[in-house]
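My questions all concern the structure below.
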C-alpha cells in the first residue's frame, strides 16, 4: 500500500503549493515553501533519488528558506495577494 | 493580467497533459531513457572506470564533471551578483 | 608533449575555460590593484579572440571539430562540437566582448564607481556563459551555461538606472526563469523519449519517434522558451526596459550578444536537434516563425518611432532586427538562411556600435533624450559619425553590411514565393529611416545660433576606438560580405538545410 | 553596332575627386578661402577628368571599371557610355558654375554652417557623377541613395522648423522612391541574375508575365520620384526653401536630372526599346507624363513666388525628357536625351537669376518685381534668355529639343502627344512672359538704383546664358551634346 | 478496481507535477507581490525536478549506489542520469533565488514596497525624469 | 532576533554544535564517493553551520570566522581547485577533466577517485564561501552606519 503514502505526500505537496502562493503573510508563505521542499525531498527518497533528496533538503528547505527569511527581515512581510 | 496569466498557464498545462499521453510509463524498466546505452554503461561500468560506488557522484564529478564545473560557476556567479547588488564597498 | 601542442589540442575547451578561470581570478587581480582588472579583462578577451579565430579557421579548412570533455566519448560524456555555425557565432561573441571590454574602462569608472571588481568578474562570466551555450553539443550543458549567462545579465542590468534598472532586471529575471524552465522541460521531455543528452545522438534517434506527442511538446517548449529569451514580438515585454536601464557597457554587450546567442540556440535546436524535415514540413514551425518574425519586424520599428529615449528606441529596434534573423532562418531556403545568419554578424556590429555611441553620449552629456541632442554633431563629431554609419547600416544603405543581409533576405523571400515579406523588409527600412532621422535632425540641425558656441568635447580614446572599429567593419563587410558568405554562410546554410552542395 | 570596351580607372577618379575634396573641405573648416579653394580645385579636376574621356566616347568606345564585386554578380561597377557621358559633362561643368555662384551667394548672405554646405555639395556631385557612370542598377541605387542623403542637409540648410519639415518631406518622398527602386532591382536580379544595363534592355526580362512586367515598370517609375512625376512631385516645390544655389543644383543639375536620367536608363537600358514597344508600356506612360507636363504648367502659372514658379516649370520640363525616351523613335529619344543638358543650362540660368534677385534686391515674389530690370539689367536679360529657351523660341537652345520631340511624336502619328507638346509650349509662354513683362515694362513702385549682384554670381549667370544661346545657334558643333546624343541613340536603337 | 488503480499509480505523479507546475507558473505571472513571484518560481522549478526524478524511477529499483554482496547481480538501480541533472538544476534554482532576493531588497529600498502596482505608480510619479510621458512633455514645453 | 541571541542556553548549544556540524559536513563531502552526499551538500552544511553561528552570535561575529577577504579567497580557491584539476589533466596530455590521464596511481580508476575527491572539496569550498557570503549580504545589516547606499565617491 505504499502508493497511498505516495499519493498523500503528493497531495500534500499541492496543498502546500497552493497555500504558499495564496497566504498573505509572507513569512508563513516562506515557511510553507520550506515544508513543500521538505516533502518533495521525502518524495524523492521514496523514488530512490537519495542524493537529490539530500540536496533538496539542504538547499531547498535549508538555505533557500534562510535566505528568504533574511530578505524578508529587510522588507515588510505582508502581501496584498 | 490575471486572465492572461490564467490563459498562459492553461495553455502550458494543456500542452503538458497532451504530451503526457505519449510519455513512457513511470517506473518502466523498458523506457527509452533506461534502455539507452548511456544509462546502461553508467550503471555497469562506472565503478571500474571511476573508482566510486555512488553512480551519481561518478556522473557528477567525472562523466559530466564539466556540467558540475558550470554549476559551481553558477553559484559563484550568484555570489558575485549579490555582492554587486548589495555591497557598497569594493569586495 | 610540448606546451604548445597541449594548447593546440585543447583549443575548443579553452574558449570557455579561459574566460571562466579569468572570471574568478578577477577577484584576486582586483585585490592586487583595482586598475589591473581592465588590463586583465582585455588580455583575456584578446586571447579568446585569438582562440576563436583559430577555431573558425580550423573548421573552415578541415571541417567540424569534436572535443570530448573528460575524454568520455559521446553520448557518455559532454561533447564540444564546433562547426561553421558556432565557430562563427563564437568569434562574434569574442570580438564584441573585446570591443566592449576596451570601451568599458572609462564608462565603468564613471557609471559604476566602487564596483569595478565584481563588474569585470561578472563581465567575463557572461562571456563564459555565452561561449558555453554556443559551443556545446550537449543540451543539458547548454542549459547550465544558459543560466550562467542569464544570472550575469540580471546582475549587470540591475546595476543601471537606480530603481528602474532593478525593476527591469527583476522582470527580466522572472521572464528569464520562465524561459529557462521551459527549456529545462523541453530537455526533460526529449530525454524521456530518447535517453540521451547529446545533440547529435538525439538527432539520430528522434526521426523514429516524430509521431510522438512528447517530441512535439518539447519543440513547443523550446520555441516558447527561446522566443522569450530573444524577445520575439509578443513576448518582448521585458526587453525594452532591460536594455534601456542597464549601464551603457552592459547594454552594448547584452544587446549585441544575448539575443544573437538566443537566435543561434533556436537555429541549433531547430536544425541540429530536430531535423529540417520536422520543423519545415511536419510541424510547419519554420513558417509560423517567419510570420512571427515579420510581425516583430514591423511592430518593433513602429514602437521604436514612438520612443524619445535613445536606448529604449534602440531596444525596440533590436526587437525588429531579431525578426530579420528569424525571418531568414524561417524561410528555409539557402539564400534566405544566408541573409538571416549574416544578419547575426551584422546586427551584432551595428547594435553594439549604436549602444556604445548612446553610452558615449550619456557619458559626456548625461542626456539620453533624443530631443535634447541639439548640437551634438559639433560637440562629438566622431561619435555622431559612427552613429550615422551604424544607422545607415541599420537602414540598409548599399555599401554597409545591413544592405547585404537585407538583400539576401529579400531574395530569399522572393524565392520562397512570399512577396509580402519583401514588402515587410522594405517597409521596415523606411521605418528605420524614420526613427533614425529624428536623431540626425537633432544632432546636426536645429538651434543654429547656439551651435556656434559649442566646444568640441569628444569621448575618451578608449571609448572611441571600439566604436570606430565597429563602424569601419560595418562598411568593410558591406563591400566584402563575399568572404563570410562564401567561406562560412553558404556551406553552413546548405548543411543546416540538409542540402548537398 | 559594335562597341569596343576598354577598362580605365578615370571614371572612378572622377567620382572620387569630390569625395576627397569633401574631406579636405571638412578639414579646412576654419579657413574659408582654402575651403573654397578645394571646391574649385576639385570642380576643375573633375571636369577635366570627365572631358578626358570624351574623345574615347565619341570614338564609340565604352569605358568600364569594376570596383568591387560586392556579392556574386552584384558588382559596384562603372561604365561610361555616351548617355552617361552626357549627364556627367552637364553635372561636372555646372558644378564649376554653381561653385562660383555659391561663394558669392553664401558670403553675401553670411550664411551659417558653410562648411557643411560645401561638404554636402561635394558629396552630392560625387553621387551625381556616380549615377551617370553606374554600370548596373545596384551601383545606381547606391549613388541614388547617397545623393538623397547628401542633399538633405542642403535642403534643410537654414534649420528653421519649416526648413526641417520641408527636408523631411523631401526625404520621405525620395526614400520611398529609393526603396521602390531597390524593390525593382531585386526583382530584376531575381529573374535575370544580373542588374547590368544593356543597350537593348536586360536579357531575360521579356520572359516575365505581362502583369509582372507592368508592376515592375510601375515600381521602377515610382523609384524615379526624383524626376518629379505628377503625383510624386510635392517634394520639389517644398525643397524650394533651400538656399538658391542649392535649388539651382537640385533642380537643374543633380537631383532631378538624376531622376530623369534614371528613368531613361530604366526605360531604355533595362526594359529596352523592343520590350517597351512590345508591351505597349510606352504609350500608357507617355500619356501619364503628358498629364504632368500640362498640369505642372498650370500650377506654375498660379505661383507668385518666383522660385516656386520655376520649380513647377521644372516638374513640367522634366517630363519632356521622359516623354522623349518613351517615344521610342530615334528622333524622340534624341529630343528627350538632348533636353537633359539643354534644360539644365536654361533652368540653372533662371534659378541663378532668381537667386541674384534675392541677394541683391531681396525680392522673391513676382508681384514685387515691377521694373526690376532697371536695377539689374544683365540679370534680367539672362533671365529672358532662359525663359525664351524654355518656351522654345530660337535662337535659344530649347527649340531644338522641342523640334525633335515633335518629330518623334509625328513619326508615331500620335495626335494627342503632338497636341500636348504644342499646348505646353503655349503654357510655358503664359507663365514666363508675365515675369519678363513685369520686370521690363512695369513702372517700379519707387526709384531703383543700378545695382547688380556680385561678380562671382553675375559671371556664372552670363556664362550659362551664353551657352544656352550657343547650343541653340550651333547645336551640331563637333563634340557637343548632339554628337554625344547621336551615339547614345544609335546604341539603344541598334544603329542608325 | 485494480485497473483504475493501475492507471492512477502509473500516472499520478505526472498529474501532480502538472498541477504544481501550473500553480508555480501562475504565481510567477499573476501575483503582484515580488516575493510571491519568487516563491512561484521555486514551486515551478521544483515541479520540473519532480518530473525528472519521476523519469528516473524504476519500479522495484534501488538508489544508484553500487551494492556489493550476494545479491549484487539481481539489484536493479534507478536511472542515475536525471539525478545528476537535477542536482545541477537545484543549484541553479537556489542561485536564481538568491539573486532575485537581492534584487527584491534593493527594490524595497528604492520604492518602499514589493507590490508591482505600487512600484509602477512610484516609477511614474516619484521619478518623472525616467518616465516616458514626462520626458515627452518636457520636450514639448 | 535579539531574544534568541541573548539566550545563554542557545548560545552554548550552538557553540558546541557548530564544530560537530562542520565535522559532519566534511564527512558528507568525503562520503560522497560511496553514499549519498558530495561536495555540494557538504559545502551547504558547512555553510549552514557558520550561518547558524552568525544568526545567534551576530553577523559581525560571524565575519570573524570568515571575513569578507577570506570569503573572497575561498570562493575563488574552490573553483581554481576544480578548474586547475581540469587543466592538470590537460598538462598530462588528456582532455579537460580527463582524470585518468594523470599518472598518479597505476590504476586509472584510483587516480580518478582521488581527483574526484579533490574536485568535490573544491566544490565544497566554493559553495561554503558563497552560501555564507549570500547570507551575510542578504541578511539585515546590524549597525546603523552600514547604511546601504550612501553617495559613493570614487577614490
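In this document, chain identifiers A, B, C, D, E and F correspond to the written order of the chains, with residue numbering beginning at 1 in each.
To be clear about the criterion, a residue touches a chain if its C-beta (ideal position, glycine included) is under 8 Å from a C-beta of that chain, and two chains touch if they have at least 3 such contacts.
Keep in mind that this is a model prediction, so the values were computed, not measured.
Shared contact partners of chain B and chain C, listed by label: E, F.
Shared contact partners of chain A and chain B are E, F.
Here C-F and A-E are compared, and the pair linked by more C-beta contacts is A-E.
Remark: the per-chain Cα centre closest to the mean position of all protein Cα atoms belongs to C. For this pair, chain A with chain D, the centres built from the Cα atoms lie 79 Å apart.
Remark: chain A and chain C have CA centroids separated by 38 Å (rounded to whole angstrom).
Here the spacing of chain B and chain D, counted between their Cα centres, is 69 Å.
With centres set at the average Cα position, the gap from chain B to chain F is 22 Å. Residue positions of chain E with contacts to 2 or more other chains are 13, 25-26, 29, 54-58, 61, 63-65, 81-83, 85, 87-88, 91-92, 94-96, 98-99, 101-106.
In chain A, the residues that reach two or more other chains under the touch definition are 50-52, 55, 59, 63, 67, 70-71, 74. Taken residue by residue, chain B touches two or more other chains at 12, 16, 23, 31, 33-34, 38-39, 42, 47, 53-54, 56-57, 60, 62, 64-79, 81-83, 85-88, 91, whereas all remaining positions touch fewer.
Remark: chain F residues 34-36, 40, 134, 137-138, 148-149 touch chain E in the complex. Those residues of chain B that touch chain C in the shared complex are 12, 15-16, 18-19, 21-24, 31-39, 41-42, 62-67, 69-71, 73-74, 76-78, 80-81, 83-85, 87-91. Chain contact summary for the complex, chain F toward chain B: residues 32-36, 38-40, 68, 72, 75-76, 78-79, 82-83, 86, 96-97, 99, 107, 109-110, 112-113, 116, 119-120, 122-123, 126-127, 129-130, 133-134, 137-138, 148-150, 152. Taken together, the chain F residues at the contact with chain C in this complex read 72-73, 75-76, 79-80, 83, 86-87, 90-91, 93-101, 152-154. Residues 392, 397-399, 404, 407, 410-411, 414-415, 422, 426-427, 429-430, 433, 437, 441, 444-449, 451-452, 478-482, 485 of chain C are the ones touching chain D in the complex.
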